[in-house]
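A short write-up of the structure that comes next.
Here the chain labels run A, B, C and D in written order, and each chain numbers its own residues starting at 1.
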Amino acid sequence: MKKLINDPAHYVDEMLDGLCAAHPSLTRDGPAGRVIRRTEGARAGKVGIVTGGGSGHLPLFTGYVGPGLVDACSIGNVFEGPTVDSCMAAIKAADGGRGVLRLYGNYGGDRMNFDMAGEFLEDDGLELSTVLGTDDIASAAPEERSKRRGVAGIVYAYKIAGARADEGASLAEVTAAAAKAVERTRTIGCALAPCQIPGAAEPSFRIAPSEMEMGIGIHGEPGIWRDTLKPADAVADEMVDRLLAERPEGSGHRVSVLVNSLGATPLEELFILYRRIAERLDKAGLAVVQPLVGPFVTSMEMAGVSLSLCFLDDKMERLLAAPASCPFWRVG
Amino acid sequence: MNLTVTHIAAGVALAHARMKTLEQELNVADSRLGDGDTGGMLRRVLDLMAEQRMDGIDDVGVSLGILAKAAAAATGSSLGTLLATGLLTMSKRTKGRTEIPWSELAPLLEQARDAVMARGGAKLGDKTVVDALDAVSSALAGAGDQAGVRARAVAACDEALVRFRNEPCRMGRARMYADKSIGMDDPGMLAFARLTESVCRRGT
Amino acid sequence: MKKLINDPAHYVDEMLDGLCAAHPSLTRDGPAGRVIRRTEGARAGKVGIVTGGGSGHLPLFTGYVGPGLVDACSIGNVFEGPTVDSCMAAIKAADGGRGVLRLYGNYGGDRMNFDMAGEFLEDDGLELSTVLGTDDIASAAPEERSKRRGVAGIVYAYKIAGARADEGASLAEVTAAAAKAVERTRTIGCALAPCQIPGAAEPSFRIAPSEMEMGIGIHGEPGIWRDTLKPADAVADEMVDRLLAERPEGSGHRVSVLVNSLGATPLEELFILYRRIAERLDKAGLAVVQPLVGPFVTSMEMAGVSLSLCFLDDKMERLLAAPASCPFWRVG
Amino acid sequence: MNLTVTHIAAGVALAHARMKTLEQELNVADSRLGDGDTGGMLRRVLDLMAEQRMDGIDDVGVSLGILAKAAAAATGSSLGTLLATGLLTMSKRTKGRTEIPWSELAPLLEQARDAVMARGGAKLGDKTVVDALDAVSSALAGAGDQAGVRARAVAACDEALVRFRNEPCRMGRARMYADKSIGMDDPGMLAFARLTESVCRRGT
């Protein structure tokens, strides 16, 4: 596994410096510079949305800071949660006086640190709420949905909650919008080749040249099965089938689709998959709204893809289409 | 002699030195069941802990508090955060005291264990670092001197690793691979055992 | 080299179907569907811009069809030029009645086919011009600049010529703007790992796990040196030095920068490189305008990066900042 | 007997069959000096050529025109486009005739060679497919029957490969690696030689 990097100890900080240098709408802030916030600052009178997590997933998390999306982000080392101090600083940076929603993936370290940060800040009278991304259907049975990992589908929660906040909604309303987006989003991923944490002697997993693994997590957490590499259409079919088997109750016939590269998988392959996925959804009587195809949530140089479906209602569809802009995604 | 800041500082130095070889071992253990970062993360935590100057500090609670802050500043990973939580709990209970009798270590570790369980949500038997912490605190009950503490702590860690090796993981990332985790050491327990051994083996 | 594909024989067509399905602003057209054009059609009274080349480089070429950029694109098989028929069809699709600029990379197959297409169409009275991308400094000596390959820097020519055409300029003016952009743009690439043409038994080249190659082309054409993998800063320095050594005559102190992934190299590494590149340009007294960091011109799953510098004058800077929009790049 | 559409159709079938094993050999040759697609590209060209139905066609020029169109429809690569150019030239010169004396093959190939040079810009000696084409057209001068044409064409190709092997490439992608290309066959020449051999070896 080759990387164009310097000292692994500086990987995250150099990456953040480059990110902010290239994108002046983003500013490094907070303890050890591990907060990325909107350069123009929190918008007074708007509910703030803060996210955070480990590094190694660009554009996630830091890349989604922008109008109509999230206001600030605490960012940890590669695959490690953000520190409690950076979570506190990010929450403060997102605070526009109407409360702050903590919206991040369901991982132990992230949760502990955002919880602790909240315990400190609630003493100061800051109104806070939490919604955890739990879209990865491969990470727990449907009966234990709340235990699932958050993966690529979180971008739908960013977009929908971000648009709701922009409309001037209250903390409770923004929180409900985020919770609804999470509840209505399902993701499954598969990998062809691993990534390696900078400084680690070994890749995060090993997989034979002829094999793939279905259900793998964005940190290389083991999946559902490992077998011979399948044709793209077969992979697309299995992913669609698995997601449709968990179609949320009460969902209608409109759905947004995210075909996401885990890093090394090129756009060509994403479009080959998307072609089949769109056909399959059409056959299932679903109308695709605002499809997203590209690298949205990655694992550095991991090869593989994930498929997310966000089952929309009218309100979600309106919020998804509302203007938003960050360095890696623009709507409207 | 009782436990003092000198013991703590020496323990940090020993654990820090141990990370040289332990880092990749823990990464590999974590890459089988989790995301492969336990070793790199703990190395960074101990780097920062070892950088903390304890000169002129003789309050055990203060010194533990400094270490807790260092751990929390170095990482937000599950294990690192739980380590910071445990140290912070022990720091609060020892604030203002320059010496702690060795016999008090067991109840202090019990309180740390409870705080870690409250923060992380793991239960006893889930095969996490909590079980190693629990094994040590139980084993130390009644240990009145440093030699006894050392021997019992090391033995308790070894015993816990063996006892849990063939159990499934029930918490954290490894939870999903309960079956796969049978026969493997939990990275957090393994880290705790290896570092306990390194701190206890040589004279602190 | 693993790929999520079906039959290699259908790679390009399935990819184009997926691309157009996901991006309704693009439409497949022409012989064998090997033209991608703007769905809304050519704009009457505007000079048309047509491009084309082989597949395997997304977002290039097809992805840059859109307002303020190119109007139509003929697309070949992987690493093969487009057929003469698709070049003719693409030129016609771009024709808004004021002539068409053919703007593509300097490769034998592409040139022969666009030339032949032009010979046929000029008989019909269509006014045509040609500008070839020749930005890859590793592909010929400065004395032979016109023989150089066109690589990632062509996106500057698309943007600048596209904006000029949008302003209502004549074919000669649009052609001059494109030629100026090419003349003022320099690129160099390096690779860490190869790609593989779908259906080929072997990767397009082999490179040891400890090595990198400087100066490689976007089809894996051999480069300048091959040696131990260097730290990111050293790679950035060498690329900057090589490009600055060829600073175009008469260029000022404003420059746009494109740090481009060849496919598998993740954003994290691009930003680590960008950080250093921006520092080095600053030290050289150059002001960076509108930096671009991401996958703009790739070689499927090749690992590596390229650096392009576009030395601006006031007019180019204005055209670069003008509104433009395609599925993978939006300005304004 | 003179050259007829039957010979042409049989030649296409033989060349097409040869691509099964030749495809990867040419890809590898092209990956050393170019972009690795010569084999896959020619296979696709010959697939489409072989699909063309020649039943009921006896005009040599028409049949060559069909093949030229097929080549141009299958690819826009350098070699494929030059092949289409050469075939189109020969098609134009033979339009309206059902039989071509073998002795006319040499001047026809010369005209094809000139058209290919005009389209691609290569000169003689640049170590491209043009040199192989030139070698064959020169060798055929004076050959009056099919057996002679066959033997001379195969020998000329072999000779050209050997003659140019230790020369540097001066055209196309390989131009940049002039030094590297010494000792290697140019993929286009190699393709031309292998296919000529497959067409000439067995009875057409």
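Just so it is clear, contacts are C-beta pairs under 8 Å (C-beta built on N, C-alpha and C of every residue); 3 or more make two chains touch, one makes a residue touch a chain.
Everything numeric in this text was worked out from a predicted model, so none of it was measured.
Q: Can you list every chain in contact with both subunit A and subunit B?
A: The shared contacts of subunit A and subunit B amount to nothing, since no chain touches both.
Q: Going by average Cα coordinates, which chain is farthest removed from subunit D?
A: B
Q: So the centre of each chain is just the mean of its C-alpha atoms; given that, what is the distance between subunit A and subunit C in Å?
A: Taking the average C-alpha coordinate of subunit A and of subunit C, the gap between them is 30 Å.
Q: Counting in whole Å, what is the centre-to-centre distance of subunit C and subunit D, each centre being its mean C-alpha position?
A: That gives a centre separation of 32 Å.
Q: For subunit B versus subunit D, what separation do you get between their C-alpha means, in angstrom?
A: A distance of 74 Å separates the two centres.
Q: At what distance in angstrom does the C-alpha mean of subunit C lie from that of subunit B?
A: Here the centre of subunit C sits 54 Å away from the centre of subunit B.
Q: Assign the assembly's chain-to-chain touch graph to one of these shapes: line, ring, star, complete, other.
A: line
Q: According to the definition already given, which pairs of chains are in contact?
A: A-B, A-C, C-D
Q: Which residues of subunit A touch subunit C in their complex?
A: Subunit A residues touching subunit C: 2-7, 11, 14-19, 21-22, 55-56, 58-59, 63, 192-193, 209, 212, 229, 231-233, 235, 259, 263-275, 278, 291, 293-295, 298, 300-301, 303, 305, 328, 330.
Q: So in the complex, the part of subunit B that touches subunit A is made up of which residues?
A: Of all residues in subunit B, those touching subunit A are 24, 27-28, 31, 33-37, 39-41, 44, 72-78, 80-82, 84-85, 119-120, 172-173, 175-177, 180.
Q: Would you mind writing out the residues of subunit A in touch with subunit B in their complex?
A: Touching subunit B from subunit A are residues 9, 31-32, 54, 74, 76-87, 107-110, 112-113, 115-116, 139-140, 147, 197, 199-205, 217, 219-222.
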